[in-house]
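After this come two complexes, each holding subunit A, first together with subunit B and then together with subunit C.
For the complex of A and B:
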């Protein structure tokens, strides 16, 4: 607001434009061109960086996927021989070990994503709807619910890995020692249980985001809708079903897509929970690619898998956007 | 929210009001709703708070308490882990590295994003849509996609020019821009769009150049949004694991990787791990909770609309 006062406080408006005009005339580029060029000038730093950090690496990544880029060529990857589609062929040959492992990892990732996104979304909606009205302690609870999202992921997940330790963790202390649900303390970070451990940790970590976005979306629903419903005699549960949930639909569509992309691509949670080599039941795709690349040092194969992953994500996103936008058209 | 609180519970008992009981007014929801709310929110609260409690309580335990069977409460309260963490691993150096890397990535991306977002928000030009779509789509790509090529590029630049990018803080900052920059641009476009164009047009008429309008009108008006974007960028960079796990060496290691140093071959110092985790969390959690309102408004301005 102070800026609006400056013209009034300063000298009258006419004089200032004068000197620039003469100066402009000297290094005369037509004003139209200057104006047209300005947005590009403003964009230049972002464009250069975009090129440097996104476009060039993606190009290089695609080139890499067509090369035989094993350990001996890492330092001089330009010399690595071309291998055509070999990397892709190996990746999708589901009868051979590499392809089989990739397929299994893909399956695990899909199951994990569906479960984790579904649960995170459900918890987020539930909490947001229940906290729409004010009550005592609401602010405090809200801050608590947002904490998992604010914590650095490594601090949070390391704590979970401590809680999931077989011999000295909280989970087994409760499940085995206090409740006596199992005969012997189960392993949570190796074997089949690790899938569920991963889902729980991922849900704990992501549901606050859904909560945050949905809370904000709920504030945009006009109060008059509820008041009108009340006049018509609708109870609070009916209001939730008939007003709150339908109003959230457009936000939900974006939210679910974002949650899907994050969860599907998640590297941090599995890496911090299990390390470089995740148990088979929790071998998410990004860990799998990381391991294929940095443990076995076959960058060609890793790149081919990355490209396949990218194609899959683009496909899912396109289909999803198409389906949801069609639904929206029907509504309107 | 405020107007619901002051709204009278029920009007005079006309026939219509008799049909709609007082209970249904938003200030006094029915018991079924209140009880559902209490139970569900308590369960969620326990689920959310347990790890936080474990982190805090374990950081105050002597080593014997964390190596044996789990204890809910410390056998004797000690702050020794908070003293030991600085010697077991060079935590102060990791802290400094995280601060430099996350701080530099934040400053770079926000400054560059301010210009870019201003251009996109205020001008119509060829390629505008291509730019925004590119920015948006890079946000959906997994980090692993950029990790392999960037790693190779850095290694190769090092080999051909002798500039040791790989393992340096500068290279790590650059890789962090892969996620902080698109996010900042995207959020700031939304934020700048919400500032009335009349404001900076008035400044242009008053003789400001476009940059003058940006820095004297748009930026001051968008401070909450810029703060939100900066905090969020800092948080993500502070917590980043993937690039840090590959692109750092002994001297440039960040907290994300450094904390793994508390696990030795024979022993995991869980009480120290928890203390160090807490120390690493305090700056971002404090920032987040303090700036929560800005953050929520900033995040949702871009995400919801």
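For the complex of A and C:
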């Protein structure tokens, strides 16, 4: 029987296996209860950590978003006066400068995310498919592909920022001096081009992850499927469409979601490339919120923006999960 | 053939995926953190140790450790108090201080940039230097008045005491001036532009500016503003960013690159002291900078190769506020109010502001001692330090000591960065453009 139910890298773990039936394990607790309770028991530490690391700070952040929290109250923020929905009102008043800037930043982030995730995925899947063939130097190439993912983000992005400098950077040396593609050396770290600089660095940084996951997933597709398809007379493109892509689907669903969330919230890359004041064209929402809270010291407004962002991402994720799971049902 | 997807695995898969998604999402709530503060007032529960956060003054963090450690050893020997030193880089210092403030888990003694004094004072986390506390370190008369004025809001006890003083000066390349037949450094901005034009050519430029650095931009906006008779805040602390005089001030500075052409286009993205490098390596003939001596030296420029003059004014006969040609720059020493070694912290501040230590530390860093007695030392009478000392005493002004000061630096400085970027990419920067940017920045202040 050919099912795709084998565990795959990148897809969530299968249900925990039944506890081994050794003689010792049969003591005291009835087997039925033990079997039912064990998964929850195993989940408990994770749940506790989840609570501590994520849910508590998130709760605190939500409380803060309803406060008028400037540096006057940062030391005793519990005493900060309640401001009701003021922070939210300011954040979504798109005719006023704060809301307008937030909206612009949101737009930039959406465009950036779509472009960066799309390209990272495309590169990842292409490389993963090509690397299925066994050829000399495959291991080396694979290691090389994974380098951006393995490098410490700080070192990697700082190096990029040097390469992207206008007057002494390697990028302009190639683009302008060697290839002569531009009349004058373009700026990459300020002005409109910084958006593209950001996309390039982000894709460079994330595609190896897509590659890694997809490669593992591809290796789990039984070879017989392809052999059978060949016997039936299917061409390469048909094989990709009928076997590869559907088999990758569950992995892709998780992969794209994770890439989306990481990219949308990316802080390191823009911060290291542009510092605390990103150019307008590359003013990602994470940096924007950071600046609103920590640089201009209005923590209430910053928290409100974070909460809005959280709601947006929850909504997108919910819709995404709904759509993808429905698609799967119809397919089955 | 069809691939059959099996049903049993699915609900679990979906649930886990959802859980993973939710946990990834929670990372989005970035601005969280903090907590209620712990004990408010200082105590002497822990008299044996002190934690000290020093700013990065030297060429590297290691350099600072090397400079400070022997001095701290002296203090340890004198008092038996063990000092734990941490040198904090500038770009993370403010975040660290805020985190320490909100958690109550900070160092006992720390350095702050003096422009943040009033902003940090407003948090209430720093020990106020009232007469009683000042008396323990020798009284306020030991310090230069301008340095003390940059240590907190007017009418309140200072939030910190001055440690190192710095001032902006006009650095010029003697050889380049000689080659261009320029006899003396410019005294007015018109002269500076003329001089700059004579120096510009053959890949060299008249002036190097740090256009991508908001803080640097804001400092110049402040001084130019003063010279045009304006302030960025009115007397009640409300922002007045887009007043015509401030617009003129910002435009004048951006125009060095935009229309005068005496600064290189590439300067628009400089944010990591590249302008100092350009000046030191002879790519630019002039530089507006504070205490650049040690940085220039590290780039291989010898002290006799450059001269330092006061930053120019609008006219040669400017007086009063219009003659201001530098902000009072410097580093202050603050004590966290909730320290558990209050006496030790006061002793430490006394030690660091003692005449002897002031001479030693300011001498090493190329800054000026804010302690009058130390300033008299011959070591601070080199030609360049003498100029900086004089402007600091006679024609300096502290940045507005209002709680929103840090916002001013960010918003106005960033607006100027965008203006530089527009100018560098060939767009014209008119008075209207500058006005628009400053109005936008001001509205962000007021919400």
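Criterion: the second predicted complex is superposed on the first by the 273 of 332 C-alpha atoms of A that agree within 3 Å, B and C clash if a C-alpha of one lies under 4 Å from a C-alpha of the other, contacts with A are read in each partner's own complex, and residues count from 1 in each chain.
We adopt the following convention: a contact is a pair of C-beta atoms (placed from the backbone, for glycine too) under 8 Å apart; a residue touches a chain by one contact, two chains touch by 3 or more.
All values reported here derive from a predicted model rather than from experimental measurement.
In the superposition on chain A, A:230 makes contact with subunit B only, not with subunit C. In the superposed model, A:299 lies in contact with both subunit B and subunit C. Contacts of A:74 after superposition: both subunit B and subunit C are touched.
In the superposition on chain A, contact is made by A:290 with both subunit B and subunit C. Touching more residues of subunit A than its counterpart among subunit B and subunit C is B. Once the two complexes are overlaid on the shared chain, A:181 sits clear of subunit B and of subunit C alike. Within the superposed three-chain model, A:322 lies out of touch with both subunit B and subunit C [touch as defined at top]. Residue contacts after overlaying the shared chain place A:58 against subunit B and subunit C alike. Once chain A of one complex is fitted onto chain A of the other, the partner contacts of A:98 are limited to subunit C, with no touch recorded for subunit B.
In the superposed pair of complexes, A:110 makes contact with neither subunit B nor subunit C. Shared contact residues of subunit A, touching subunit B in one structure and subunit C in the other: 2-4, 13, 50, 54, 57-58, 60-61, 64, 74-78, 167, 254, 258, 261, 265, 267, 286, 289-290, 293-294, 299, 302-303, 306, 309-310, 313, 317.
By the touch criterion stated above, subunit A contacts subunit B in their complex at residues 2-4, 6-7, 13, 16-17, 20, 36, 38-40, 42-43, 45-47, 49-50, 52-54, 56-58, 60-61, 64, 74-78, 123, 126-127, 130-131, 133-135, 141, 143-156, 158-160, 162-163, 167-170, 172-173, 177, 204, 208, 212-213, 215-217, 220, 223, 226, 230-231, 233-237, 251, 254-255, 258, 261, 264-265, 267-268, 271-272, 286, 289-290, 293-294, 299, 302-303, 306, 309-310, 313, 317. Looking at the complex, you find that subunit A touches subunit C at residues 2-5, 11-15, 50, 54-55, 57-58, 60-62, 64, 70-72, 74-78, 90, 96-98, 101, 165-167, 187, 189-192, 225, 228-229, 232, 243, 246-247, 250, 253-254, 257-258, 261-262, 265, 267, 275-277, 279-280, 286, 289-291, 293-297, 299, 301-303, 305-307, 309-310, 313-314, 317, 321, 325, 328, 331-332. Taken together, the subunit C residues at the contact with subunit A in this complex read 1, 3-10, 12-14, 16-18, 20-37, 91, 94-95, 98, 101-102, 104, 119-120, 122-125, 212, 214, 264-266, 268-269, 271, 403, 406-407, 410-411, 413-414, 417-418, 420-422, 424-425, 440, 443-444, 447. Residues of subunit B touching subunit A in their complex: 1, 3-5, 16, 19-20, 24-26, 29-30, 32-33, 36-37, 40-41, 44-45, 47-52, 54-55, 58, 66-70, 112-113, 115-116, 118-120, 123, 125, 128, 131, 134-135, 138, 140-150, 152-153, 155-156, 159, 174-175, 177-178, 181-182, 185, 199, 202-203, 206-207, 209-210, 216-217, 220, 235, 238-239, 241-242, 245-246, 255-256, 259, 270, 273-274, 277-278, 280-281, 284-285, 288-289, 292, 296-297, 299-300, 303-304.
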